[in-house]
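In the two assemblies presented below, chain A is common to both, partnered first by chain B and then by chain C.
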Partner chain A sequence: MMGKGSELSRDGDWSVLRVWGEVDLSWSQDVRKQVLDAYTKAKSLAVQLDGVSYIDSSGIAALVEGFQHARAKGGRFALLAPSESVRAVLELARLDRVFPIFSDLAAARAA
Partner chain B sequence: MNDTAAPLIDVVGLEAYYGRRRILHGVDFSVRRGEIRVIMGGSGSGKSTLLRHIIGLQRPVSGMVKILGVDVGRASAQELLTVRRRLGVSFQGGALITSMSVGDNVALPLREHTQLDETTVRIMSRLKLEFVNLGGFHDLMPSQLSGGMIKRAALARAIVMDPELLFFDEPSAGLDPVVSAELDELILRLRDALRMTIVVVTHELESAFRIADRITVLDQGDVLTTGTVAEVHASEN
Partner chain C sequence: MSAPPLLRMEFAARAESLAEVRAAVHRALLTLTLDARDVARIVLAIDEACANVIRHAYRDCNDGRIELRIERRRERLRFRLRDHAPAVDPGCLKPRDLSECRPGGLGINIIDETMDHWRQRPLKRHCGNVLTMLRRLQVRNK
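And now, the complex of A and B:
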């Protein structure tokens, strides 16, 4: 994986959005759009974050919106394998206790 | 920290005057990416004047001030504006707008300087209030906050745009030791989690020693010493 980017795929009844690189104000609105679009394809969304080297609060805001959308529509939302730098921001915002965080999709499904 | 990278702030031979009185006597000062730099000095040492030059509120009469690669003395108004959007400043008195709620104060820079969706703006401002332990205070007015809360709310506004460079003027002034220590801890976490480079102006020794990677001590317009906490401790100055 080079630079930054994202890729949306389908795995059973889940959408999986894989994001990598630095998620900042320059393209966090694209990530937000993909998060919301993902719910048109499946009721539940997992965002894979192991390749994210940095995330700012606009990127976190996109995840919060995804989480809120799932709760409002009766779907599920999960973060998969957030990197250390993502975890640090989640902890600062105390969202590590709010977001369902799993090592992989199988663990999210089983929860 | 990367010692070989160009400094985010580079001040060379800065002189400043108020009328005919010379306030800064050829100050050299540089800050590296990811660093927490504390500027210390007593009243009249020139630390506030240095800060005003670094954040581009005052153009240098003599000497050079570069912020994020932009020469403040030669930059156009538009270039200065662009640089300022990459900075966050938390002023000593908080400078919150008293007629707006805490949340609206924090959201203001996002509404003024970005085209972000309103939902994102609201989430980002609430996140920043959560960062500074004011999660439930979004709808309160500034007059309903204590002194320490006002400082934290001002900090939330200063960081709402995720600035590369954060300036914090006297964070501990007027705070009790426990609240002051909590604020110091928060400054350290902001640097680590959000990769901010932070410049703190303070006269509180204990706070400076807790947070600084390097300390610059000013005295009557001259740099008395610059070094790590251990080096400043050991300095005869």
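And now, the complex of A and C:
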């Protein structure tokens, strides 16, 4: 897994968006679009973040929009396995208490 | 005579510059006795400051320049960002209430949480703004 990128897949009634690399202002708008587009495939979205080595506030904003979309439309939103650097930024923004965070999709489904 | 800066760089005010800036700041901070978590926090704060200049001062117009200078002054680090964009009202730069869950506006909070002191001011005689941020080198509880 090189550079940065994302990949959308479907797992039952969930969309899973796997993101990797550094999420900064240079492509966070693309991530935001992918997050919102994912809801056209399924009502619930899990964003897998174990491969994200860096995220800034613009990347966090894309996740907040995804979370708010799910709440508004009656779907579910989850973050899967955020890396240590992602967790640090979530804690700094106090969003670790807001986002549902799970180790994997099975845990998100079971919650 | 003051010590030479830890880093002095000038770069294009565009989002594509940010990875290079982060790498340069990271390298400069590795010469100090900071732990990895502190280094990561400072790199993030500098990235957020640069992103704010790109988005809000230059308004994503891509042809501006930003100068970054990092100096060690005794037990403090001083970060100075200089742009040539139209003046930005310092009163607009305030941390927001983090209990509100909404996208955007977190950059100033990150700077505020990471730095001991920061100040942004428009230049009086020239076009542009200067953001100065100070951070103690010793272990902090913030």
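Quick note on the criterion: the second predicted complex is superposed on the first by the 111 of 111 C-alpha atoms of A that agree within 3 Å, B and C clash if a C-alpha of one lies under 4 Å from a C-alpha of the other, contacts with A are read in each partner's own complex, and residues count from 1 in each chain.
Methods note: a residue touches a chain if its C-beta (ideal position, glycine included) is under 8 Å from a C-beta of that chain, and two chains touch if they have at least 3 such contacts.
Quantities reported herein were computed from a predicted structural model and do not represent experimental measurements.
**Q** Clash or fit: chain B and chain C on chain A?
**A** In the superposition, chain B runs into chain C.
**Q** Tell me the contact category for A:I60 with respect to chain B and chain C: first, second, both or neither.
**A** Both partners, chain B and chain C.
**Q** Contact-wise, after the overlay, does A:R76 reach chain B, chain C, both or neither (first, second, both, neither)?
**A** neither
**Q** Now for A:V98: first (chain B), second (chain C), both, or neither, which partner does it touch?
**A** It touches chain C, and chain B stays clear.
**Q** Touch test for A:S26: chain B only (first), chain C only (second), both, or neither?
**A** second
**Q** Quick check for you: in the superposed arrangement, does A:V89 touch first (chain B), second (chain C), both or neither?
**A** Touch partners of A:V89: chain B and chain C.
**Q** Where on chain A do chain B and chain C both make contact?
**A** In the superposed arrangement, which is not itself an observed complex, chain A uses residues 24-25, 54, 56-58, 60-62, 64-65, 85, 88-89, 92-95 for both chain B and chain C.
**Q** Quick one: which bits of chain A touch chain C in the complex? Just the residue numbers, please.
**A** By the definition above, chain A touches chain C via 22, 24-26, 54, 56-58, 60-62, 64-65, 67-68, 85, 88-89, 92-95, 98.
**Q** What residues of chain B sit close enough to touch chain A in their complex?
**A** My answer: residues 114, 116-117, 119-120, 123-124, 127-128, 130-131, 135, 160-162, 189-190, 192-195.
**Q** Quick one: which bits of chain C touch chain A in the complex? Just the residue numbers, please.
**A** 15-16, 18-19, 22, 37, 40-41, 44, 47-48, 51, 54-55, 98-99, 101-107, 109-110, 113
**Q** Which of the residues in chain A end up touching chain B in this complex?
**A** It comes out as residues 24-25, 28-29, 32, 54, 56-58, 60-62, 64-65, 85, 88-89, 91-95.
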